[in-house]
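Chain naming follows the written order as A, B, C and D, and within any one chain the residues start at number 1.
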């Protein structure tokens, strides 16, 4: 069949559980729980495909082929399924795969799932496993970690712009305080005293400057606009733009450490696809696995000037609390951003546009979506 | 833009290296080598996306986010990229993702890559890692392995049909002998004496009844037919059908152990999409990570009757030698099947149809493509 | 060491605790959210008798990491009296040849010895021939 | 134990062996197939001097598995004289505070001690302050 451009992907149902340390629950149960919730929310359409965004299941749960595992557990035997992996952008990658699939006309009803389970192993092992998204041969094999990468960026940023680490305080406290209003968040507020007393774990970054690794899952049901009409869905949320762009995986392979090419390209491509400019965007959810990543995303995405990414942005950013306030189930976080944004748009006046961006690795992969109500 | 149904995906270039134990080469080098070869074969079009099919990189090479790693290493900074994982069907999953992407109109030029690197670790660790595609909580944690799964299927099959393990001999010897003509294959022939002297490793299956795990990579460049015409490609290979279907991951969760639902559904859906029946198919490449998997694929795909999957099929099957004769770089094997089939169709008279099917896990995920010249 | 997972699975592993579907009465193991027979929600706890028969089997000489101490061992699909099939090792089989259809019953045994993972020993279900 | 990988990387790790692009003369490390500067093929072996300066740095108290023995340690991006940036630990820094721009030179040191992975010890490059 021929799909017209105006028959764009829309979201017709979502499922989400609070980010937490879900000791008592398996990867499979976390995933199937939100898949079923999303399907129920969409009035149980017949499903064609389930795309699973996950970064660490192979290592932390010794489990590959999550597509077959979770679809069976969700009562969806026989559908299409595979895993999408792009480090922290895995969930957003599953969402984009679902959008592309319905847009192709080869798939009518797709579910995008983001799921991550860190508490299968003790915290130290989880931190080591998290370094999988670095270049093993030339980064993690030298003793590099995710937090150290963020620290190297932050150190260079402060030196380049002649700033002190105090600039991070306002950004981080805002994230934790926004999370106080998010029922899916692990953290509920932060005061100056607590922030200033944090231990420095990778100079210049402290304990609260990097998001806590945690468990979580979120899912969305995606169809074409015409399918939503046929199903009688009253107010779907439109996916107007979608883009994925990568940069060199390793920090040492980038021409400019402080300019995130993947974020810039992905932002521009998603806006271009949506026929919108940044001025048309009402609010944004950007990536903040660490505070410096949010600063660089704000600068490279064009919302703040270079060297000023720590200042107050001109539009609402990360009112969810972001990864810092919500907790970071890495491969699922992109779906948290998207599902929470869909739910928020459903409660806002019509005509709002939101830009949602997840980043995998330390600026290596950026996947951007533009949602509208 | 609106894509018409007749503007189907086509393959305009391929790259492949022989399956082997590539001690001296990294996952990244293996991948980028065939990506560049495929691009050169396609006269170097501007690339929009690279989809990486890989099953074990996280565990065997401690490396996630292969999309960013391999695209940079291939000189493709800034493209879209992510990893597709569906166990043995990962490579075929990347191919399907590329087809869907160009069909959506959101992507014009996509590369599908299958890459797997087992020789990063000693053989025993590789065998243990391979069990990741089983259900960890209820299969691998009980001491189950891939070979044991195949053996359980084979044992039940022989008992159910009252047959002896001699039925496997002809199937396996044919695979190894077909491989003698395949320059990408590890093995080059097998005689009865050698087969009969093989050690039994998981009763009733012997050493040669399961494919050897090895390293490999293969890639294809996929565009829409109209793009191929604009690029001046003389004779692209058409992707007429494509389908992915899953079954319960664990053998113990299946209603009928000897009927592969995923294979049946995926075969029928791909034929339906291509508006073809099995009678229209000239030859097939089916999955044979073990001999019993080929037997069950032949039966569930409808080529031979139940209980007769070990007999000579009515059409040419696995003239490449299959995984048994080629060696099995698991997440890459699906792309080997596809790339070799594309290359073969380019040298055949026009009007041929080939059915290519990869299976992930032990019958858990089946991804089928129908290619025509 | 993977304490959370093994703590979570202990109940199922020690006593074959699954579910009974409240809708179609199917007995379910491993436990899950959706009944594989009728597709409706399943949550009622059900204790299996642990009796069954060998549905298929093989024996492994090359054991995977963590299982070398028990190699060679027989691993089987066991069809429980109540319907579901379970993956498990066979134990205490002595010189008796394993056969499809052979009656077996559940026992608790050491499953693996995580020499590499800080000496953790994991117990769980295996099946042995029913003494007749 | 991961012999194949470490054997493969030994040359780069012991002596900072990279490439020089035959087309644009860019010096490349780590070695790769395509020159990151001009996009053409790069294969000519090039030995780096091992001299450079700290481009960025941090110090870690919580080290990942395999690196606990050397914790706390400083890890840096080092900009080599010839252009490329390398990720590496700093060593022999004594009480001198690390600074961006500080001159450093390559030395070979023990990188990790794979206690968990059969006692394999891996050597490779680290950088130390240049004695002035």
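Keep in mind that, in the parts below, a residue touches a chain if its C-beta (ideal position, glycine included) is under 8 Å from a C-beta of that chain, and two chains touch if they have at least 3 such contacts.
Just so you know, these numbers come straight off a predicted model, no measurement behind them.
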* To do: Would you mind checking which chain's C-alpha centre is most distant from the centre of chain C?
  => D
* Asked: Distance from the CA centroid of chain A to that of chain B, rounded to the nearest Å?
  -> 31
* Please compute the C-alpha centroid of chain B, do the same for chain D, then give the distance between them in whole Å. => 38
* What are the residue numbers in chain C that touch two or more other chains? -> 5, 36
* **Sequence positions of chain A contacting 2 or more other chains** => 26, 61, 72, 77, 137, 140, 248, 253
* Structure fact -> Every touching pair of chains is listed here as A-B, A-C, A-D, B-C, B-D
* To do: Enumerate the contact residues on chain B facing chain A in the complex.
  => 1-5, 26, 28, 49, 55-56, 58-59, 61-69, 71-72, 77-87, 89-90, 93, 97, 100-101, 103-107, 132-133, 135-137, 140, 242-249, 253, 261-262, 265, 273, 360-361, 364-365
* Asked: Given the complex with chain B, which residues does chain C contribute to the contact?
  -> 5, 9, 30, 36, 55-65, 67, 70, 73, 75-77, 84-89, 100, 111-112, 122, 124
* **Complex interface listing, chain C residues touching chain A** => 1-5, 7-8, 32-36, 39
* To do: Mind listing the chain B positions that touch chain D in their complex?
  => 23-26, 29, 32-33, 36, 61, 72-75, 77, 119-122
* chain D touches which residues of chain A in the complex? -> 124-125, 127-128, 131, 137-145, 147-148, 151-153, 155-156, 159, 201-205, 248, 250-253, 255, 257
